[in-house]
């Protein structure tokens, strides 16, 4: 998919933030994204994707989450 | 699982918010959660869970998301 | 997220196709996408997303799948 | 999230068991949980979570699975 | 995929049980599976799949769960 | 589960292809599957499953994807 191809996603949750850290394993990479309010979102993607997207501390990204993957917990 | 049984979850993302709306279908329910910063998180759970948890507008909840379910997008 | 904001996704699987059908429930919608080779991909998203994206028969779309959601089966 | 914060989860499947083994990679950890009936459940979580929860052989845990992540197979 | 095509799955968790109930919505169906030890597993699949597999009370099935979809919780 | 046990899966997406490569980490393995039309599907499974299934370049496999894990994107 060439850059610019995608305009909109069905995924209901798209949170804008800044990459705080990237930790690479042999297959996967853990990416920590800081939201404007100070909370962090942790994502595990493939190392290949982390490199293709050029993820590194300070880069602006979106964390995308499908609604069916969100569990609700009550206190 | 009785109330109070769980202390901690492996899921890396736990976002506290307030239920904004609950829309029930025959099997599933869509739950919209408002975060303190004003953003919303949308979750689809079973109708049975929405009723068991007593979800309704104003209730305080957590949105729980496993790191492997978070996609990263760049602009 | 405004249209045009996203350039690239970490998701490793992005398959281009054409919407064959959309079946709406009260919360979810089932979307069948036909790939160029004739195979079909079935997706379940929220009804809200199906309407927001204007999905209908003939519309060109991409089916996006995170690598961690692909199971391998052998014969 | 502080210990004790969560009382109930929307996730429909919560299976109690005992950690049988933990295998750590650089990003992920594989956790094998033995159920009372002798069956095992395998989970992959981040290494960070395995360490934060103090997972080790013999520890009592729950395996939590959202209903939308369960596939049905017939013989 | 024709019956009999699949011999093995990469999914690490395959639990044998008996269908206890099937509740159909317009898009999805909730399937409750009783395990031999008395516990139940709840699955949400498409209504189309529930009908194609001929799911009904008493039918023997397997609940299949990918390891990356299992969260660990501690007390 | 013994070979031959499974006849049919509720998962709506089963794509036949050939293993192009297997990259093993300490916990996970990345498997690239080439479809007949030339597209590739990338899967991340546990290293244990990759070895149990005997995955290697040239082996015929199916990529299995639950409909609720497919996001739709529009251009």
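By written order: A, B, C, D, E and F. Residues from 1 in each chain.
The definition used in the following text is that contacts are C-beta pairs under 8 Å (C-beta built on N, C-alpha and C of every residue); 3 or more make two chains touch, one makes a residue touch a chain.
The structure presented is a predicted model; accordingly, all values stated were derived computationally and were not measured.
For the pair subunit E and subunit F, chains touching both partners: C, D.
Rounded to whole angstrom, the centroid-to-centroid distance between subunit A and subunit C, based on C-alpha atoms, equals 19 Å. Centroids of subunit C and subunit D (each the mean of its C-alpha atoms) stand 30 Å apart. Among all residues of subunit D, those that touch two or more other chains are 5-12, 14, 25-28, 30, 42-46, 48-50, 53, 62, 64, 66-69, 71-75. Applying the touch definition to every pair of chains gives A-B, A-C, A-D, A-F, B-C, B-D, B-E, C-E, C-F, D-E, D-F, E-F. Those residues of subunit E whose C-beta lies close enough to touch subunit B in the complex are 23-30, 42, 44, 68-69, 71-75.
Those residues of subunit F that touch subunit D in the shared complex are 5-11, 25-28, 46, 48, 64, 66, 68.
On subunit D, the positions that touch subunit B within their shared complex are 1, 3-12, 14, 16, 43-46, 48-50, 52-53, 62, 64, 66-68.
Of all residues in subunit C, those touching subunit F in their complex are 9, 11-15, 30-31, 33, 35-37, 39, 41-45, 49-50, 53-55, 59-75.
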